[in-house]
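Below is one structure; the comments refer to it alone.
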Amino acid sequence: MIEKLRVAVIGAGYWGPNLARNFRSSPEWELAAVCDLDLDRARRLAEQGGGTRAESSLAAVLAADDIDAVAIATPATTHHRITTAALASGKHVLVEKPLADTVEHGADMVGRAAAGGLVLMADHTYCYTPAVLKMRELIEEGALGDILFIDSVRINLGLIQPDVDVFWDLAPHDLAIIDFLLPGGLRPLAVSAVGADPLRSGKACVGYLTLPLQNGAMAHVHVNWLSPTKVRQMIIGGTRRTLVWDDLNPQQRLSVYDRGVDLDIQSLDGVERSAATVSYRLGDTWSPALPETEALRSMVDEFAGAIRGRRSPRTDGRAGLRVLTILDAARRSLAEDGAATAPIADLALAGNS
Amino acid sequence: MIEKLRVAVIGAGYWGPNLARNFRSSPEWELAAVCDLDLDRARRLAEQGGGTRAESSLAAVLAADDIDAVAIATPATTHHRITTAALASGKHVLVEKPLADTVEHGADMVGRAAAGGLVLMADHTYCYTPAVLKMRELIEEGALGDILFIDSVRINLGLIQPDVDVFWDLAPHDLAIIDFLLPGGLRPLAVSAVGADPLRSGKACVGYLTLPLQNGAMAHVHVNWLSPTKVRQMIIGGTRRTLVWDDLNPQQRLSVYDRGVDLDIQSLDGVERSAATVSYRLGDTWSPALPETEALRSMVDEFAGAIRGRRSPRTDGRAGLRVLTILDAARRSLAEDGAATAPIADLALAGNS
Amino acid sequence: MIEKLRVAVIGAGYWGPNLARNFRSSPEWELAAVCDLDLDRARRLAEQGGGTRAESSLAAVLAADDIDAVAIATPATTHHRITTAALASGKHVLVEKPLADTVEHGADMVGRAAAGGLVLMADHTYCYTPAVLKMRELIEEGALGDILFIDSVRINLGLIQPDVDVFWDLAPHDLAIIDFLLPGGLRPLAVSAVGADPLRSGKACVGYLTLPLQNGAMAHVHVNWLSPTKVRQMIIGGTRRTLVWDDLNPQQRLSVYDRGVDLDIQSLDGVERSAATVSYRLGDTWSPALPETEALRSMVDEFAGAIRGRRSPRTDGRAGLRVLTILDAARRSLAEDGAATAPIADLALAGNS
Amino acid sequence: MIEKLRVAVIGAGYWGPNLARNFRSSPEWELAAVCDLDLDRARRLAEQGGGTRAESSLAAVLAADDIDAVAIATPATTHHRITTAALASGKHVLVEKPLADTVEHGADMVGRAAAGGLVLMADHTYCYTPAVLKMRELIEEGALGDILFIDSVRINLGLIQPDVDVFWDLAPHDLAIIDFLLPGGLRPLAVSAVGADPLRSGKACVGYLTLPLQNGAMAHVHVNWLSPTKVRQMIIGGTRRTLVWDDLNPQQRLSVYDRGVDLDIQSLDGVERSAATVSYRLGDTWSPALPETEALRSMVDEFAGAIRGRRSPRTDGRAGLRVLTILDAARRSLAEDGAATAPIADLALAGNS
């Protein structure tokens, strides 16, 4: 039997207990410590079993020889400071989304992890749900053909956040998932964001993101805190088939439609354009069965696999950085009435590993 | 008993027969003539009863003293020529959408009708469906409060048109409906349009329109020819209630949600902004019963009512012109990567009558 | 090119025009005559084209040498008289459902057709919808395995009929379809019917039919005139797969579930019973694409095919008779508080041809 | 502040922990003890807080002066013995469903509780869900008018139980709910049950229950372990309105339809029957908002309320007994091919308290 990896969870607030529970349930991991400035809170989480110790000093955790990795579940503004300290101590790092508060911080974290040969993983939990894993598998094996468009809707009567707008609250999910699905990650040619604040709350409550992609494709994200009905749906159109993910339909989350439009492309005057010949496929629909595994558990197992295999995890720091750069470009576009805005990032760093 | 109004249908192709059938079924109207360059086609339609005569000469129709109005169901490029001739002959005019091929032509038509004291009506058939009529009634009586956002989706595996893009094919429906619903009509502060042509068909097959409105509100339209599933849904969020129209759910087309977010607006430093106090309403949902009347029949009755009452019809030429100016601005925005574009129009003409 | 068969439609009321339209549109058929006691009504239908003549005398139609077949769309009480006269004149016969007003009449019709070597076909239109044809194909090719249960629901806010109860109004559809789907037809071991007449209308408005089948299987039909929502759904459970037909979901009428329960049957004490070993399959779901063909058109083509091929049609008189015997047994069971009742029929006649 | 009632949970297996958790969270209750033959199991549950003691001796629990009530979560065959002992010790009793293993046992329990002036409550948890509570409220206030029919469907790919058939596994939920909803409880004139065991598992896997009610109304229950799709739906038709409960649609669990059929009842020959006049209402649909309270918590609060108020709880022993007598009659009907069977019970005992 292989030896367990030992992890400390930093932050025992909202998300920390979920991480702790899944580290405990995984045979790959031992939850060695829980660290929180509020020692009582750390203790309550630590005491739930497994000999976990409670700490209020980050320095003590990072100094400990028996800890291989840390999982950071603290506010975004602290991610850079804690991550760089952990990497400096030789610990692998899992960071809750968003990766960092600024693109510069995120890029620095990615650079340091690469330099240190350590795993830096973004906690894009949604990517590890059975539905998204199956979607990635279908795209990888070519079931959809080339991607033509992605339309994602995530709307609900949502809690208006005091500090972030609807883009920062909801769109990271869509962006992380699209980044996970597209071979090579989500690398839009530009980002346009338009938002509305009709309640005069001081920040956008309704938002639309447009992301032109390579080869004429396009991704679009609709996020909304004011919808009375809850919708979580993504349509991914491909040249061969089209996939619809309806996350609120447990009886049929994924539907793969063998329907579409085929154009007979002919070379006219040296320019590739569609000729008159358009044909339509109206084939079967197929809904793959999905296992009932918990996403967070699959994610902590992937973290272990990356550390043991000395490889990048599926949602590595670069993926987190790509999401961050898009959110950052969206913020700038929003300030310019939706003007198409280039995502700026150290592309060498954000490149696929 | 009042005397029937006498109408000639111009164009016996795809839409003309629908108009003819409804003029025949209405007690307000007598279908006096059908006119088509293809006299055989005109005859086949005329012969279906009611003593209708067939004509191939537009001039003959317009010269006839016994004809009060014409309904034009010919290609958009002919609308201006036929309409101005008909108005010059003192005929009231109903024009199939779009009102005209250019904003200038449309504005000219509106101006001439106003100058001549004649009715110019846009054939926005969708506005006369029981669902849309009920929506307008609800908004008028204040059931929704102030409009915060409108999100319209009209996607389907659609016939790729040889001459128009997905905006000109599908969005006129959404724009005409929104124009009909908003008190004062749809008068966006700007228009942004982004589209994708991933099949390289030479025109956009996927499109998104963003329309910032007064008071921070926003309308958004998603049109798509490549979706394997058919969606025709509009969400209209208001300060008091939110309405969802699902046109493909005959058992519950309209749902009115008494749910929403309330902000306690307080004056801070003289600036109206939201204070910390946010509250949520989670009230009942209500789905009004709808009568089963045919939209086109309601429309021809409205045409008669406007002529007899010497008033503007509910979807007058100005409404058609407003839709046209938005489509025109969308075309220009599309060419500039979605830059926010001002709709240009003779606002005096497009103003509410 | 083959010669067209010539048919007369008897009865120009509600259903006759639908038959006439489809005979006219089929290249197999020429609509030679329309016959109705009300000659004006016959004329209006005949005049719609194709040189069809109008008749008010059945005798004249049956005496005509140029007529190969008749399609009877008259009240059920007249079916026996008209059919036997037509068969005696050597005409093939298509009869609207129900086949006859009594089992004896139906059996007599089946016997005479067989004796005369003529086609007697039951107008079970629903069996020729693309969905039901696909369901039959799936069952025939073994996609479902052995049938375990069939549950059919057909409920709606329905017109309360003056002369028939909800069983005779709605259940013939379900029974004809199940008869069509089951290899060898629907031959229940018994029939139990319970009904309710809570409005005191004098006949059942809510009804349940239970039909135990061979090998422990069971069919059940729920018909209801008082439901505010419309449901038309059939679940067919098999040992290999289970099929759900939702006729009101045009986007996914058929779903085939590769899910189910498997028992490892072991012989215990010489008695075949289930041992402890139960396993569950939770496989994919599949929704076959369906063509958009009109059922009535497919039915008149099948009528022609049976006549030309000197074979039984897919829904022959025996199928109509089986449905009739079940309705008859249901009537008797209903009178005895739902006691299990044997369907009585001349089984030699109702036997599969 | 009022003193807390003190309860012991008997049985720490599957259901006991849920009871324990809700007694702990309720301000009405103190969880004094957990009792299980397996003392370790009792300890693990007791140790979760609140100073609860663990016991393995039922006698010790019942002898304790500081315990007011017991909640029994042991196998059905033990309910009678434990309940009678608890009542003899002056404890109030809450019993998991089914109330007892036989009607005689159940009636004896009800009789002893009444004689001792103690509360005997059936753990019909589903009745305390927000949806069912709202349904009862609507029926009580007359929103539906007189009940015409109830159709309940509870089907799923279910675990085939080793010891019970699909009726005993699933139908108690439907019966308890219908009993809760009908004023005066569910008192069918007869019970008919038909089942199928097409897998030869030794017990019914598909079942239908028919329950004729007073005044021509009828209840019907469909339970099924072999359905690939999960359905939990109840339609309750009334003279004024009809209610549909779809428990798997969290966005609209309850829909109240103002639709229906109205008959003008006229006295004909002294017999009340429907005359020709039938009219239809096609009014609005309304979906009441529901609070998000946990059913089990509402139930333990009701238990406390009944004890303190010296009144019958909403789901008292008589309700449990009524459900038991129907299941018993269903068992006998099933053995006689669905013959209508009278429920036998000491009606004086099962009568409304």
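Order as written gives the chain letters A, B, C and D; numbering starts at 1 within each chain.
By our rule, contacts are C-beta pairs under 8 Å (C-beta built on N, C-alpha and C of every residue); 3 or more make two chains touch, one makes a residue touch a chain.
Not measured: the values here are computed from a predicted model.
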item: Copy pair subunit A, subunit B: interface residue numbering same or different (half cut); value: same
item: Chain of greatest Cα-centre distance to subunit C; value: A
item: Pair joined by the larger number of C-beta contacts - A-D, A-C; value: A-C
item: Whole-Å gap between the CA centroids of subunit B and subunit D; value: 54
item: Subunit A and subunit B: spacing of chain centres that average the CA atoms, whole Å; value: 41
item: Subunit A and subunit D, separation of their C-alpha mean positions in angstrom; value: 45
item: Euclidean distance of C-alpha centroids - subunit A vs subunit C, Å; value: 54
item: Residues within subunit D bordering two or more other chains; value: 229, 259, 282, 285
item: Complex contact set, residues of subunit D against subunit C; value: 146-149, 151, 157, 160, 162, 190, 192, 194-202, 205-206, 208, 210, 212, 215-218, 220, 222, 224-229, 235, 237, 239, 242, 244, 255, 257, 259-261, 263, 265, 272-274, 276, 278, 280, 282, 285, 337-340
item: Touching residues (chain side subunit D, partner subunit B) in the complex; value: 252, 258-259, 282-289
item: Subunit D partner contacts - residues on subunit A that touch it in the complex; value: 229-230, 251
